[in-house]
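Take a look at the structure below.
First chain written, first letter: the chains are A, B and C, and each begins at residue 1.
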């Protein structure tokens, strides 16, 4: 008798755990019907018990529209949002400029433009400086005494580098496959990196 | 008296809820230091109690590298499993290279090649880096100052490891002397300069 | 059964089709050695290196018999194993070279290490993986207390950007990637090796390696072997015969000093 109760309880807990995991991992709220196909007809009762379990906690199970989803507790919103920041993607130009400053520092704006072959837009250096990745270095002792740019300690910190010397060299990049120059003599066919090339697949390049 | 206890208990519960919400809101692990700035010095004890609370449930609080994160329970994997897209399947070379970096880190490319006996082809290190599993470490202070490779915290997170000590049978392999990355025979990788190094005189690093 | 290039008698290890199938799966000669070693069905710590050397040499001989173009490192390994074999069979000598036993131990260690890493890779990828077996929050909320900076840029992004930049810049620079051509030296070596097996007139074409490696390699191999026949004829090691312009070129080993 006791054994049966335990088994039933175990089965229920198993379903509850699966329900919990499904709701947690889903990007969108899940409707009861969909959940029932995975859990069974008792999903309604399980959802209620899960909702009750989470009610006093920092995470709540809420019903939104036709679906169910976990959300952080509404009353915590003001505290959570305290430092909310929306993460954005940095523009390609900005990443490239940062990379060039990192590899060529100290480097003047004119030099960055010469290296990149395009004019640096006003905002690019500002954005990089705003994030504390670059800062002005010494002035170059050449006519006009242009300002140079260098990277900061925060730059190293952000990218997990101990020192600038740990930046991979151009040769390292090439070896790692991050800088693969296309074979120039394409007409000559495969360079055959494979140890053994069978006739069937030897015309891959 | 009773009131005070209740207050302390309430304050603790409030912090626990906030901690729960912070961890829950983020898809990526949060490190203890950052959490401490929001929660206070007792964050360690709160994390432990939260981990214990979630241990039997469908969502677990796990420690990975320097961070903490909620993840679906590992034992639910057979039910939740999603097959990897075919296009994302890693080559055997990439899989073996990742294991070698994980177990031998910090390790240079020449050492990886000596262990595998083949040159590292394009699309190996860069793919592993694109997955966020490896990154360049410090340069080795030996002639040529070669770049070393190490694994990231995301590697630990991805494979559900709390630390590198939890790598499968890492202690056994170390005890058996198999985590020695010296080149032994012919410069099989092509980059190894050591033509024939007897075991006795190869402890250069 | 003829004696092959390495002087060991070879039993067919596999049918050509099977051989090809297996060869495509290798990650270099060490990988091949490891797979051959498993055929011994013993613990790698107790493997017979001498037997392994024989297995490898037989395998390479077989591959060459079915005209598979073997990459240089496979042949280097074959030469090294042949040398190791000789050092293992001949009593220890007083020279600076490491002893056969040391070399065998080093090879055994390397095989064990590679095997260990293959096992480790398997164990690692058998673990529950994030996004496949274990999942993070599906709908993360925009509360990021971890980063002070709002921009998400990884070291990979940074290095990739620099790599792309350099690549564009290198566009104007002629960077010649090594082209795989058949060298004259290789052809001379190959022909000298093969001549012993060809006592009678044979066409030059029959000496060419298989067509593996693409048309460019095939053409260059034809050119290199032709030049090699001229070279060897000049050195008096072979005789040439052609019945007319553009007719097939025949060659055979020179017999003038009758030491055949």
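Everything below uses one rule, namely that contacts are C-beta pairs under 8 Å (C-beta built on N, C-alpha and C of every residue); 3 or more make two chains touch, one makes a residue touch a chain.
Per UniProt, the chains are A, B = SMC-Scp complex subunit ScpB; C = Segregation and condensation protein A.
Just so we're clear, the structure is a prediction, and the values are computed from it rather than from any experiment.
Among the remaining chains, the Cα-based centre furthest from that of chain A (SMC-Scp complex subunit ScpB) is the centre of C.
Central chain by Cα centroid: B, whose mean Cα position is closest to the mean of all protein Cα atoms.
Separating the centre of chain B (SMC-Scp complex subunit ScpB) from that of chain C, both taken as means of CA atoms, is a distance of 34 Å. Centroids of chain A (SMC-Scp complex subunit ScpB) and chain C (each the mean of its C-alpha atoms) stand 40 Å apart.
Between the Cα centres of chain A (SMC-Scp complex subunit ScpB) and chain B (SMC-Scp complex subunit ScpB) there is a gap of 16 Å.
The residues of chain C that reach two or more other chains are 27-29, 73, 135-137, 141-145, 154-155, 159, listed in rising order. In chain B (SMC-Scp complex subunit ScpB), the residues that touch at least two other chains are 22, 24-25, 70, 72-73, 80, 118, 129, 135-136. By the touch rule above, chain A (SMC-Scp complex subunit ScpB) contacts chain B (SMC-Scp complex subunit ScpB) in their complex via residues 13, 16-22, 24-25, 57-59, 70, 72-73, 76, 79-80, 160, 162, 165-169, 172, 175-178, 180, 193, 195. The residues of chain C lying in touch with chain A (SMC-Scp complex subunit ScpB) in their complex are 20, 23-24, 26-29, 68-71, 73-74, 135-139, 141-145, 147, 149-155, 157-167, 169-170, 174-180, 210-217. By the touch criterion given at the top, residues 16-22, 24-25, 56-59, 70, 72-73, 76, 79-80, 109, 118-127, 129, 135-139, 147, 152 of chain B (SMC-Scp complex subunit ScpB) touch chain A (SMC-Scp complex subunit ScpB) in their complex. Here chain C touches chain B (SMC-Scp complex subunit ScpB) in the complex through residues 27-31, 73, 76-77, 80, 97-98, 102-103, 105-107, 109-110, 112-114, 116-121, 123-125, 127-137, 140-146, 154-156, 159, going by the rule given at the top.
For chain A (SMC-Scp complex subunit ScpB) in complex with chain C, the touching residues are 21, 24-28, 69-72, 80-81, 83-90, 92, 95-96, 98-100, 102-103, 115-116, 131-132, 158-161, 168, 170, 173, 178-181, 183-185, 188-192, 194-199, 202-203.
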